[in-house]
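Before I ask anything, let me first share the structure, which is written out below as structure tokens.
Just so it is clear, A, B, C and D label the chains in written order, and each chain counts residues from 1 on its own.
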Amino acid sequence: MAIEGSKEEAASGRIRLGMVGGGQGAFIGAVHRIAARIDDQYELVAGALSSEPARAKASAKDLGIADDRAYGSFEEMAKAEAARPDGIEAVAIVTPNHMHAPAAKAFLEAGIHVICDKPLTTTVAEAEELVALVKKTGKVFAVTHNYTGYPMIRQARAMVAAGELGTIRLIQAEYPQDWLTERAEASGSKQAEWRTDPKRSGAGGCIGDIGTHAYNLACFVSGLELDELLAQLTTFVEGRLLDDDVEILLRWKGGAKGMLWASQVAVGHENGLKLRVYGTKGGLEWTQADPNYLWFTKFGEPKQLLTRGGAGAWPEAARVTRVPGGHPEGYLEGFANIYTEAARAIRAARDGGTVGADVIYPSVEDGLVGMKFIEAAVKSSNAGNVWTKV
Amino acid sequence: MAIEGSKEEAASGRIRLGMVGGGQGAFIGAVHRIAARIDDQYELVAGALSSEPARAKASAKDLGIADDRAYGSFEEMAKAEAARPDGIEAVAIVTPNHMHAPAAKAFLEAGIHVICDKPLTTTVAEAEELVALVKKTGKVFAVTHNYTGYPMIRQARAMVAAGELGTIRLIQAEYPQDWLTERAEASGSKQAEWRTDPKRSGAGGCIGDIGTHAYNLACFVSGLELDELLAQLTTFVEGRLLDDDVEILLRWKGGAKGMLWASQVAVGHENGLKLRVYGTKGGLEWTQADPNYLWFTKFGEPKQLLTRGGAGAWPEAARVTRVPGGHPEGYLEGFANIYTEAARAIRAARDGGTVGADVIYPSVEDGLVGMKFIEAAVKSSNAGNVWTKV
Amino acid sequence: MAIEGSKEEAASGRIRLGMVGGGQGAFIGAVHRIAARIDDQYELVAGALSSEPARAKASAKDLGIADDRAYGSFEEMAKAEAARPDGIEAVAIVTPNHMHAPAAKAFLEAGIHVICDKPLTTTVAEAEELVALVKKTGKVFAVTHNYTGYPMIRQARAMVAAGELGTIRLIQAEYPQDWLTERAEASGSKQAEWRTDPKRSGAGGCIGDIGTHAYNLACFVSGLELDELLAQLTTFVEGRLLDDDVEILLRWKGGAKGMLWASQVAVGHENGLKLRVYGTKGGLEWTQADPNYLWFTKFGEPKQLLTRGGAGAWPEAARVTRVPGGHPEGYLEGFANIYTEAARAIRAARDGGTVGADVIYPSVEDGLVGMKFIEAAVKSSNAGNVWTKV
Amino acid sequence: MAIEGSKEEAASGRIRLGMVGGGQGAFIGAVHRIAARIDDQYELVAGALSSEPARAKASAKDLGIADDRAYGSFEEMAKAEAARPDGIEAVAIVTPNHMHAPAAKAFLEAGIHVICDKPLTTTVAEAEELVALVKKTGKVFAVTHNYTGYPMIRQARAMVAAGELGTIRLIQAEYPQDWLTERAEASGSKQAEWRTDPKRSGAGGCIGDIGTHAYNLACFVSGLELDELLAQLTTFVEGRLLDDDVEILLRWKGGAKGMLWASQVAVGHENGLKLRVYGTKGGLEWTQADPNYLWFTKFGEPKQLLTRGGAGAWPEAARVTRVPGGHPEGYLEGFANIYTEAARAIRAARDGGTVGADVIYPSVEDGLVGMKFIEAAVKSSNAGNVWTKV
């Protein structure tokens, strides 16, 4: 079952990877590094790990990056690495949101593939620029909407596509958290600081940080495109600069409807991402905290509990699975699947090739779709909660 | 723990009860009868059980009602029973919605207490008339928003009132079902027929049948009053005359927000009523299918699973509980609690008294609140999903 | 769905019921009374509710029993009621265990049907005497192994009988509680006092109080007979006179094996009765705290969550079900099913008839099987944990 | 939170690792490799990956191992690597059981640290020999009883040690699976073949493969030592050479009791390892399939659901945790924790040092304890299920 070590990949060597952001004290950088390691497809060899030069150097040393490849800025890194014969083939961008676009641009223009955290940028305009640049450069560009890497999410998507649910009528997506219930950004939490700061996060707070994840997942599984939305964004915590709760009505092209709720002040929820999809013939339910399970009901039949490695697993789940059923995989493995799928595309690109439809990772276009969602939600909310096209 | 058989109640004898509706083939009538029996507070002695005289008689015989108290119409019953020295003291109205108001009116005017199924009426105007009539007659009037009878819902309400959650910020209420996923009303289902028929149900389908339950529960537990709502009502099944899916944004007086979803086409849900309430200090979650549990999280502390009869049970739960923790109580016991609370009020009324604040049953005013909710939702939806005061 | 009010039953009137035990302060008496009421098959008209005459009278008054039918002893009651033209047809015996046999004997000899709490007696010899007496008198005798009344337990039994699990290999039964973790019998708990007193409970503590329930359920669902057992009974709480923890290895006739664990000192469990049955083709799991669910896995297929009123419900579940799927039924409804099944047998007996195989209630023979289990377990444990035939 | 990249470790470079077994078609080898990579503590540089030379070479190539370090036998590898200046510092032994002892011996004698799969050997005698050899050589020796690497298991152990449960009374351990429900070893399953073959597995089938895991976990969390056991081992599937079901009564030193059940024929279970521990003051429950949760009940207080990264997490859990609460970690992360703890010991050994008590990995002594358990269980079962000292 394990995908690691398949012949063709090892034969061509690990992909040389750089990283922007993710220095000491960061959270998501470490996640990206583990994700890149799990299937042994990448080797981290360069970094501009912090905007503070001293911390950048120290962080690089911690990670075993050679001194001469520990850069003080991404601009420097893009330039230097592009010039090396053994320069990085791909870069992971794991900075706060406002740095995504400039960094991505620099590396694309230097001919380097990009794996970028979400949301893609801080504005739709930036995102569109990136889409154009990816098209122009032909580079691989993956956005780490990591939840699409979970095996049972792959299966859910495949089941919807195969018609197991009939015509989709309803999508209920939610992502409640509680870590910003109080004003953590005023108590020294770095994570809270930048995520509630419009300068670094963009116009959306909760909507950009987690609402966009829920939306991406809804799109991914349902295969639908959103037509319009009606959003109510709220800031519950006094003094906070961005929304910390998001309630949205959804209208999908083709007639499906739904709701999306994301919150950072819902006490009792850690990372409660949940997706429910209902069609004329069946319904699905999946929860991120228990990701190895997928509930499926065919109308008029008993409810089934499908498991990642069990009798009801589809090939689409099995191909991104490493251990037998009943042995849980988690967040890092799902994240690793995005990295490994991107690796397949990057390897294919080495020879000027591309990958088949079975290889799935969120693209720059998906990132743009996410940015349009954020902007439409902010616009709808500001306009008094009116229907707004995305 | 069992409340049955307490001295003062038995001393005064069972309450003589009549029933309107609930004849052969009905569903909710049998539920009301069991609920009335569980704590031995009532004796069913009269009925106008069907609008078809033959069926009314046959149904009465089945239930051991004497022939001379098996009536062909509620008007006849109200008149005859009021004239008997041993006439009914209370009537249970369990007809389709459109009959609630006329029947309730007849019995109130005849000086008979009323226990009425929900929604209270088919229009706000009728509901207001009933409120006025109850005020004028001074009779006990209970509406069977039965979910408020569940012990852990009583506890949830008490916890919110005691400030355990701090200031309430968010309420997420949902009630998904799937029994109307296909056009059951065209395939001989009596239950589906009248519930999708505007003549018998009123202007709301799903919103009136179950949306109103979810809303009532949200009000009951939170203690909040709704300010305005923005609703999207949908009819997914072709040919259906009323809504079968309801999505609503909520704004509560005082600043809390929330969402309400009710659906009759969400495949995989039987009676998935769920309520989640979040405040500045804590969060609660309760699900009707597993009603003996109440999840409670105090911000910054581990999540607790409170059980109906366990160490974390509050007196408000204990007083409506019959069996020890770990022995589940269910729908009928919750329903019975409404009947028994109403019985306490009816007994008190025998002597011209009233009951204390600990005795809780949904009142005619609560029924009116429900009707205003239905009408506002229909109005908001028809107006293009705009904020509408309730 | 509701079974109440079916014509033939009402036509013949409620069954006149008496009760022995169950006076003020008792627990299980109230449960029996509610169970008897739920389907309106019985009317409680006489009682010897306490061994203390004053309390017996007061308790009877509380329950609306006429003064002249409030007896000071079961002997008196059996004699007087047998002599009345409107005397009781059946008696519910809800005393501590040591009174079951003498009371049951008195009523059987008076020609009165018996519904008796479990365990049947305090010795196998007494139980055998009762079996003989039931045979001789031809009276209906039901033992309230109430868990067999749960709809999904009925279904589990039917599924096993229909071969859905193939040949049974393994049975895992457990019933953990924690209410005797400390020495409650020394702190004024009446329930704890008699249940830990060998004079009133018999030779088994935990084994008799709840181990026997788990065993009965295992037999009921599997349809198997036990061959031998090997038991380790432990008293963890110092000063306690009877076992408070029970661990047993089981060998069933035909080759199946299994384990049974019951405990009164397992902190965190309220009434954690659970049964798991595994065969060559499938497996089942059921938990009393969540009784409306039955987990079923066919080997090589996805796990199914069968629900009491859902698409996977069998007729055997449906016939003892009152409300639709998703509306939970609980302990009292399961208990009521035993009463109602017994009522069917009692009504049939009025005309000298008997009931069909679909009518199921634990019989005096089942009670004897339970007593043999208790005695064998005590014997095995005392002999140093050796295999002992039941 | 992420432990990867801590300065002192990176400064000293990755540990050079070899592997015995784990070639193409194997399962557990890939797991070990991922586990070794997750925290970037190891680099796989040599291997004797298969007993078939051609497959050994091909497998090495797949994994990017240099040709001259792809060995045909472990003997050759131990010798050659010991002679290289850049030779492996540690070896992972992931063969069928019968090869563990000879391979471990060879590498220990060559001065190389060992990480060995479980069960340690096929006999107690071999295990004792290894214990002596480890003592003599002073090498690090870790046995991958990987479940001890789960964060909430670390916490459970810490809570017991801190007295949160009071004096331990009861331990219930179980590990049901269903993959050997039919005779998979006769249908071409390599995994089934060797695991049911006494020549490769030793005297125990189910008891050695998974019973020993459950037992190890019970010891690890409770901190108790077993005194004696009484076992019933069964082979349900005709033609199978080893036990496929295990039922054991346990007596722990100090008076605690318990049961252990492991099965490979329990339909519906994938890898259902579950541990429950009960003391005089509290109880714990943990399930491998949902490893991020730990249920904890303090006697007389509400049940708590402790989560890996939540408010109730202890430092012992936090130090082996990589991602925030609500983002699930799984089997591979738990396995990686064993590897990383061993890495800490190996790094310390580089300088002749040792690690503190906070660094925990199953030792060769733990492996011996496991072997004694297997032998005692087989002996007890063969002797007719009698108490047997371990």
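Criterion: contacts are C-beta pairs under 8 Å (C-beta built on N, C-alpha and C of every residue); 3 or more make two chains touch, one makes a residue touch a chain.
Predicted model, so just to flag it, every value in this text is computed and none were measured.
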Moving only to chains each one touches, count the minimum steps from subunit A until you reach subunit C. 1
When A-D is set beside C-D, which has more C-beta pairs in contact? A-D
Please decide if copies subunit B and subunit C contact each other with the same set of residue positions, more than half shared, or with different positions, and reply same or different. same
Can you compute the centre-to-centre distance for subunit C and subunit D, using the mean CA position of each chain? Integer Å is fine. 44
Any idea how many Å lie between the Cα centroids of subunit A and subunit D? 34
For subunit B, residues contacting two or more additional chains: 269, 296, 303, 307, 310
Should the pattern of chain-chain touching be classed as line, ring, star, complete or other? complete
Flag every residue of subunit A that touches subunit C in the complex, lowest number first. 296, 300-307, 310-312
Subunit D to subunit A touching residues, read off their complex: 1-2, 4-7, 10-11, 13-14, 27, 30-31, 33-34, 37-40, 58-59, 61-64, 177, 269-272, 288-292, 307, 309-310, 322-333
Counting only contacts in the complex, subunit D reaches subunit C at residues 165, 169-170, 172, 178, 181-182, 230, 232, 234, 236, 245, 247, 249, 257-259, 261, 263, 265-269, 276, 278-285, 295-299, 303, 385, 387
